[in-house]
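Letters A, B, C and D mark the chains in the order given here, with residues in each chain numbered from 1 onward.
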Amino acid sequence: MLGNGIIKGLAETARNFFGSYVDKERLTTVQFPEERLPQIEGTRDFPFLVYDGDDWEKGLRCVSCHICEKECPPKCIFIEKSKDKKPDAVGKLQFYPVRFDIDVSVCMSCQICVEVCPFDAIKMDVEFELSSDDRFGGLLHHKDKLAKSNEYYHKIHPTEAAAVDAALAEDREKEKEKQKQAAAAAAAAAAAKAAAAANPPPAAETNTDASSKEETK
Amino acid sequence: MSPLSGYLLLSALLFSIGLSGALTRRNAILVLIGIELMLNAANLNFIAFWRYGPHPEMLTGVMFVIFSIGIAAAEAAVGLSIIVAVYRHFRTTDLDKINFLKG
Amino acid sequence: MTLSFLLLAAIAILGAAAAMNLKNAVHCVLALTLGMAGLAALYLQLGAQFVGLTQLLVYVGAVAILAVFAIMLTRSRTGETVAHGSASSRISGALTALLVFAVLAWAIFTGISPQQLSGAQPEASVREVGVALMQRFVLPLEIIGVLLTAALIGAGVLAIEEKGGDR
Amino acid sequence: MPEMIDQIFVLLKHWIMGYVPSGLQPLCSAILSVLPVLVVFPLLFAITTVLERKGLGRMQNRYGPNRAGPWGILQPVADGVKSLTKEDVVPRSADQLVHLMAPILIVIASFLVYSVVPVGRNMVVADLNAGVLFFFAIGSMVELAVFMAGWSSRSKYSLLGAMRAIAQMISYEMPMVLSGVVAIMAAGSLSTVTIVNMQAGYTGIWPHWYLFTPWGITGYILFMIAATAESNRCPFDMPEGESEIIAGYFIEYSGFKFALFFVAEYLGMMASSAMAITLFLGGWAAPFSFLTWIPSWFWFFAKLILMLMVFIWIRGTLPRLRMDQLMNFGWKFMLPLSLINILSAGLWHYLPSGFTRWSVISLLLLLSCFLLSRSLRRNKWFQERTYRFAS
């Protein structure tokens, strides 16, 4: 007979209708601005810039190498490279971005900039409430808005941040080894060349030690 | 001028408009529309004569119009399906180009 | 010659004239619908309620839609629908129509004597129409029924697409 | 006293008319009759939209709108403000005049049909001799408006949507009229007022509604299915199927014109429900003889809201049909069954009243319904579907 399935379906929707008034468990939605579901760790939407230490201007990991700018498919990144070099968080002299803008209205959250960055300077954020009254300016994020501390990165993506820090520390360790070897070689050469001159202690080495300790704590 | 002649004049005008359309248009559908218009002008005459003529209680004019509307509907249905069939054959509804029997 | 008559007559003439003169075939059908609606309103004004509403139902609801469907199914490949014939055929057609109108108008103005006309508004209730259909006009009704059935079948047969046709 | 409350609006109108100079009385009377229709039904439309959204939400275990005002009851106001302030975009290639006329025509047609609906005792705008015919005649204007909207937009989606809508409306108009014919046969009149008056009597406590006869309930169900299809509601909303033709014939409309289409859709739904109530559910008549002290207009609107809730319930339950299923259902099930229904209503008139009449007519209708649904199913069940354009 035609219509059995219709009656069954109608009964089901009626059960849902009345059930949702009786049983709060049935309601699967949350009332968003007041109630929020906990974010899962893999959440990611727009990129931000990581800095080490306390001062965001000094500690930016970005060396304005323009790789992310070139790789960005919708071309939403704009970088202006500095003329001079400043010491970074490690103390090494580096170029730094004078301007680093991301147009969030253009960004498509593809994460390619994160993947190509050799310095682990750009990472994905979880902030999504970015709406603004200003249609063009409000969505063009400058360096100051993009810079977020490494602690923040640890907070939003703990596993990933720990892995990044470990890799960075390992790199620095290697570099330290290399520098040590280089220094040793240089010292040996120097010793061989001029035995009279005394070996000065390499200042950069101690600095690296201090900052890497600070980072991992 | 009596009210009846007003209606009759209107009907005559509609008939002439329909006739001119049926004679001058080349699209078969529009020719059919012109013929419908002429039919309707005649219907208006029937209703006007029923309203102002003798013996309205016999409802002759009304009945005539009801049947006429029925026939017009049938005519429109058959006519339009003929046009669709012709279109399928000739790929056009232009009456000047459908001249197979002209010799 | 009341105001309502003039208004409705203007609508009917406007619709009819537009239907016969516009370029686009769909516009023509829409204008025809306007004219038919005006005619239906004239029937209502004359007291023939059933006929007026039937006119509306048949012409606005059925014939206009049928014509529109036919236009959609027969759109010429070159794009817009064809307009008018050649200038000579237009002029001769318009002259013929004008001549017919002149003859009709002459007949109307000379033929009617106002004494024969009745002024009272006659009644054509649905019940009376129905009784008349079932008693005096039962044979025409049957014939119309047969005709409509034949038209239905015929239209279907004509419009149906043969299997393996040239499509 | 109950009579007074029942007739309160009629008395109010007469009271106002007493202050109007006699020259203006026809005009004033018309305005006083039309104005309530223009106020009450859009208001009911607003209530329906919020009811629908909340009801659908609950059927899907959501809350539905609950932000604008307490429990979201001001949502229609917010929607109205939004649609009024939105930009009105007209496509450059659109047929400007026809594009403008379509929403106006559809709203006029949707409002006109209410003029023959009796919303209470002595409460009808125009008691036409051929009221039901007027309803269907004006209802057919909607098809033309839909075509105008779809064609004038010059968009293939809207044209497809319009063609679907017209094909569907024409196919289901016939079962709608034919299933309404049984009530007209029983009442012996095309006037809506007479039809309701014929149903207003009681046997014991039970009313004389046509719903409580075998042909009445069949006609009612057929009428409601056809009305759902006529108003393009789920499960017959192919004309505006979002997933395949985006929004059908009104895709190129925005702002207030879009809102007019929206209003017209709901007004059409309410008009069909009102006509179903008039034809089968006794119009303004109370459901039991001991409830007649409640005013008649209350009963009409209570029934109307109940019907609208059924519409919402069905929308929340059934998925969209396919076009061929829709056509098969309309032509191979609805149309034959409504014809058989007319036959059975005629038989009912001539059979002696009593148990025999009931059983014979019920059996006839059930059997034909069963056979028709079997024949509908037979060819469709194991048939392999062919996709003409997707190979």
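We take it that a contact is a pair of C-beta atoms (placed from the backbone, for glycine too) under 8 Å apart; a residue touches a chain by one contact, two chains touch by 3 or more.
Keep in mind that what you see is a predicted model, and the values were worked out from it rather than measured.
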| item | value |
| --- | --- |
| Pair of chains ranked first by number of touching C-beta pairs | B-C |
| Chain with minimal offset from the mean of all protein Cα atoms | D |
| Centroid-based (C-alpha) most distant chain relative to subunit D | A |
| Distance from the mean Cα position of subunit B to that of subunit A, given in whole angstrom | 78 |
| Gap in Å, rounded to a whole number, between the CA centres of subunit C and subunit A | 75 |
| Whole-Å gap separating subunit A and subunit D, where each centre is the average of the chain's CA atoms | 58 |
| Interchain centroid distance [CA atoms averaged], subunit B/subunit C, Å | 5 |
| Residue numbers of subunit C (touch at least two other chains) | 50, 54, 62, 69 |
| Category of the chain touch graph - line, ring, star, complete, other | line |
| Inter-chain touch pairs (all) | A-D, B-C, C-D |
| Complex contact set, residues of subunit B against subunit C | 1-10, 12-21, 23-27, 29-30, 32-34, 36-37, 40, 43-44, 47-48, 50-54, 56-57, 59, 62-63, 65-67, 69-78, 80-85, 87-88, 91-94, 96 |
| Touch list for subunit C against partner subunit D, complex | 26-27, 30, 33, 49-50, 53-54, 56-57, 60-62, 64-65, 68-69, 72, 125-127 |
| Footprint of subunit D on subunit A - complex, ascending | 1-3, 6, 9-10, 12-14, 16-17, 19-21, 26-29, 31 |
| Of all residues in subunit D, those that touch subunit A in their complex | 55, 58-63, 66, 313-314, 316-318, 333, 369-370, 372-373, 376-377 |
| Touch list for subunit C against partner subunit B, complex | 1-2, 5, 9, 12-13, 16-17, 19-21, 25, 28-29, 32, 35-36, 39, 42-43, 46-48, 50-51, 54-55, 58-59, 62-63, 66-67, 69-71, 73-74, 76-77, 81-85, 89-90, 92-94, 96-98, 100-101, 104-105, 108-109, 112, 114, 116-119, 121-124, 128-129, 132-133, 136-137, 140-141, 144, 147-148, 150-152, 154-156, 158-159, 161, 165-166 |
